[in-house]
Amino acid sequence: MSHLPVMIIIWPLIFAFLTPLVDMVSLRYRKHVVITFVVGQLVLVGLLIFGDSGGTTYYPLGGWAPEIGIVMVVDGLSRIFIMLIAVGTSLAMLYSLADIPDKESKYYVLFGILIAGMFGLVLTGDLFNLYVFIELTSLASFPLVAIQREGPAVRAGLRYMIFTVLSSLMVLLSIILVYGALGTLNMEEIGRQLVSIPHELRVLILALWIVGLGLKVAVIPLHSWLPPAHAEAKSPVSALLSGVLIKTGLYMIIRLPLLMSQGKDEMMIQFILINIAAVTIIGGHLLALGQRDVKRVLACSSIAHMGYIVLGLGIGSLLGLVGTLFHALNHMAMKSGAFFSLGQMVKDHYDFDSVQGKGRGAPWMAAVFLICCISLIGLPPLGGFASKWILGMAAVEAGQPIYAGVIALGTFLSGLYYANIFRILLNPDVSVESVKTRWLSAGVVGVTGFLCVVGFFAATWITDLIKIVAIGIL
Amino acid sequence: MIRKSVALVILAILGLLVMGGLAELPLPAERMSESVTSRHILSEGVSDTGAVNLVTAVLFDYRGFDTLGEATVIFAAAAGVVLLFFRHDLPTSRLGLSSLAKRSIMVLAPFVFVTGLYIVMFGHVTPGGGFQGGVVWATLTILLCIVYGTAFEWRFINTRTKTLLESLGAIAFILLGLVGIYRGDFFLSNIAAGFRAGVPGELTSGGAIPLLNLAIGLKVAAGLALIFYNMVKKDVG
Amino acid sequence: MWGEIVDFAYWVVVGLFLIGFFGVLTDTNLIKIAIGLNIMEASLLLLLVRLAFSPGDSPPIVSEGILNYADPVPQALTLTAIVIGASTTALLLSFIIKTYKYYGSVDLKEIRRMER
Amino acid sequence: MHESMLTGILLVFLLVTAVFAVATRYVLHAVLSLSIFGILLSVLFVMYQAPDVAMAEAVVGAGLMTALFVVTISKTTNRDDSA
């Protein structure tokens, strides 16, 4: 029996717990510790994902049977999300080395805890354990938002916190109700027995789940915390939150209600999801159009992209699910890349007046930013186009071409504001001095740009892989 | 006013939904007779873990991973508070309360400490455990903080010590869990990994549970003390 | 439809949840919002503990001659939830203190006025 | 009715303290009310045969949380004093 599933969670925890001790000795070891950690994490994740045949494996913690203790489940879906989290967090962690001062030791502690929480969240097979990990990820992410310790950042963090705590309370209530109704916390068992729950109770449970997780992934009526939180944080944190953290909410949406509901409920949920998603796409892009701050634009576009991702779920077909997962992976690469390269071009103020012409100071970074933005708009030949195309195809195939129209409209709208940003960033009338880029952050930015390109040229290969997983889910 | 009426409408809908849902919950007795988990733990819990207090058995053995997560949550909160109040590292007051209060707290402090220790160490036999005892310890440092002024705490149990204790407690928990893997079983295995079950009801029973309790107690006490201290200390940033 | 709610405690749980939620939605004082969240959290704790109990049960500490125990699992979950709630509140309060430092107020209306 | 008389009364008081904590305009009163709320809740946990939880709620809800809330209030009212 391989201990990899639990080691993946323990490794970042050990990093988080040891960091304060290492810092007591000296701050000089920061780089070594972080790089060791990232390499170790990638090795562990690589072993887990590519090390076995790819079936479902279980890891019983403490050796107890799944229905008595807690079990970790590694299946196709969790493998995809583990890959997403591992790549996204490793890049952000390496980028932080250049961007965050060494003396911020708690930043790395919280970062490690956040990584452990996200891995735990996608690996656990126990409902209450899931809640613990949700709280772990959220609690570690609030202070990260406020790392700049200035008025707007603290306020954004506070707002983010109040909304997230509300969402956790709803999720907790629904978990308690599930336990109250079934007397078990094992997720597979719950999936099997959920039909036996009386109707009104089941509706309540699902409604609380969807509202709670909707708050987490920021679909439109519940989105207002996201733009300030993602925009006020520092670049690596913005990338982490936009690129990785909100995807964990998506994971839970895929994992629970679709598995848990059958028949009429499922139709209802899909109907709700697809319409919320359409509103979110259009609304997110309109919000982004109205912003006067580059980071806010990127944050609002994250809302819209979560809309695309949820849309695929709402379509409910195999192709839709493939599009959802593929777009989630792509969005991680392109949104992280956009935040990273922007962070290299502009150091502190991101409003339109301050960023005039800043792109010309760091042409290579501007080039990667351009690649990421084109991918975000969804133009060929980049990853964002491939996944949006699949989503559109899925909508047409499911006989709902109107949603393909929504995707096209979204693409048009996002083209408008990204063109505007570029006009400002490359403004030739302002004189700028060139910005030096450290090799580490330049490498990270380069990798994200590369991932955006790979997303297109390896699209068929990736979607084939995802398809195998998706068949297992449906 | 509009805000209030909107809130009331939302609450009314939510209330109706929740009440309708709660009405359909089965009674506790029915559920327990059907629940595999509860039945197993009630009938086999003592022989499985050696702990008489089944809540502790669940917390530190059957669901030990939850407890690791929960300990990490406190760790994260403490780290977050420290991060927020970074650079404001000066004692607030040196004076504290009257000398009578100081003397009486000195008499009281050992008792509070021992009470905390008792709650931690007998967590598997009587109500209590690492978490509750840890909070009692944390309250002790808070009391010292109030009575002697924060300067006292600053000098004797300073942030460095607390951070050290907190990290050590957390690492001890993970190491105890890794013993299970080392002995060829699973993470956080207790009796199966060769810890001795002992005679249920005695202090030495419960395998690794008392040790885990101690680790959690240290961690919680240090973490909460850190949080409190950082919140009261002076702002110079 | 609610005739079947046999237990007064369930009503209180719903009541507390809604009271807390009302506070969170309508109050502008950040500390009062924290209190509202605390009350909501507490209502869930009460629900969990109530779920574990049926009349005639003893505490889940095994001793001879006792047959009926309260369900230990939800009680353990409650403990975990208490810890998590406490940590969350501590962090929330630190955020509030920090907000006060920058805006000189804990009232959302005034903070909003300052931002303009 | 499964509740004994005492449990019922405690539950009612729980509601009263909660309403007071949310409704009052004075934050300090709200916090003190929340502290009483915590004590009542912990007594209720004893009635529901959960001594471990009761102990945790007593030390956290009535002790630690009150302390943190009071610190917060004192830190957010007299600005000149703390700076």
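First chain written, first letter: the chains are A, B, C and D, and each begins at residue 1.
Heads up, the rule we're going with is that a contact is a pair of C-beta atoms (placed from the backbone, for glycine too) under 8 Å apart; a residue touches a chain by one contact, two chains touch by 3 or more.
For clarity, every value in this text was computed on a predicted model and none was experimentally measured.
**Q** Count the C-beta contact pairs for A-B and for A-C, then tell me which is higher.
**A** Result of the comparison of A-B and A-C: A-B.
**Q** How many angstrom lie between the CA centroids of chain A and chain B, rounded to a whole number?
**A** Centres of chain A and chain B (C-alpha means) sit 30 Å apart.
**Q** Using mean CA coordinates as chain centres, what's the chain A-chain D distance in Å?
**A** Distance between chain centres: 37 Å.
**Q** Counting only Cα atoms for the centres, state how far chain A is from chain C in Å.
**A** 28
**Q** Let me have the rounded angstrom distance from the C-alpha centre of chain C over to the C-alpha centre of chain D, please.
**A** 10
**Q** For chain C, which residues are shared contacts with two or more other chains?
**A** Within chain C, residues 6, 17, 22, 50-54, 59-61, 69, 73, 75, 77, 79-80, 83-84, 87-88, 90-91, 93, 95-98 contact more than one other chain.
**Q** Of all residues in chain D, which are in touch with two or more distinct other chains?
**A** 50-53, 56, 60, 64, 68, 71-72, 75
**Q** Got the chain B residues that touch at least 2 other chains?
**A** As it turns out, chain B has residues touching two or more other chains at 18, 20, 22-25, 31-32, 35, 37-38, 41, 53, 55, 63, 66, 69-70, 73, 76-77, 80-81, 84, 127, 129, 131, 224, 227, 231, 235.
**Q** I'd like to see which chains touch which, written out pair by pair.
**A** A-B, A-C, B-C, B-D, C-D
**Q** Would you pull the chain C residues touching chain B in the complex into a rising list?
**A** 1-6, 10-11, 13-14, 17-18, 21-22, 25-26, 50-54, 59-63, 69, 71-73, 75-77, 79-80, 83-84, 87-88, 90-91, 93-95, 97-98, 101
**Q** Over in the complex, which chain B residues touch chain C? Could you list them?
**A** 3-4, 6-8, 10-11, 14-15, 18-20, 22-25, 27-29, 31-32, 35, 37-38, 41-42, 45-46, 52-55, 57-59, 63, 66-67, 69-70, 73-74, 76-77, 80-81, 84-85, 126-127, 129, 131, 200, 220, 224, 227, 230-231, 235
**Q** Spell out the residues on chain B that touch chain A in their complex, using ranges where they run on.
**A** Touching chain A: residues 17-18, 20-26, 31-32, 34-38, 40-41, 61-66, 68-70, 72-73, 75-77, 79-84, 86, 160, 163-164, 166-167, 170-171, 174, 177-178, 180-181, 185-190, 192, 237 of chain B.
**Q** For the complex, which residues does chain A have touching chain C?
**A** Listed in rising order, the residues of chain A that touch chain C are 128, 132, 135, 139, 142-143, 146, 149-152, 154-155, 157-158, 161-162, 165-166, 169, 172-173, 176, 179-180, 185.
**Q** In their shared complex, at which residues does chain D touch chain C?
**A** Listed in rising order, the residues of chain D that touch chain C are 1-3, 7-8, 11-12, 14-15, 18-19, 21-22, 27, 30-31, 34, 37-38, 41, 44-45, 48-53, 56-57, 60-61, 64-65, 68-69, 71-73, 75-76, 79.
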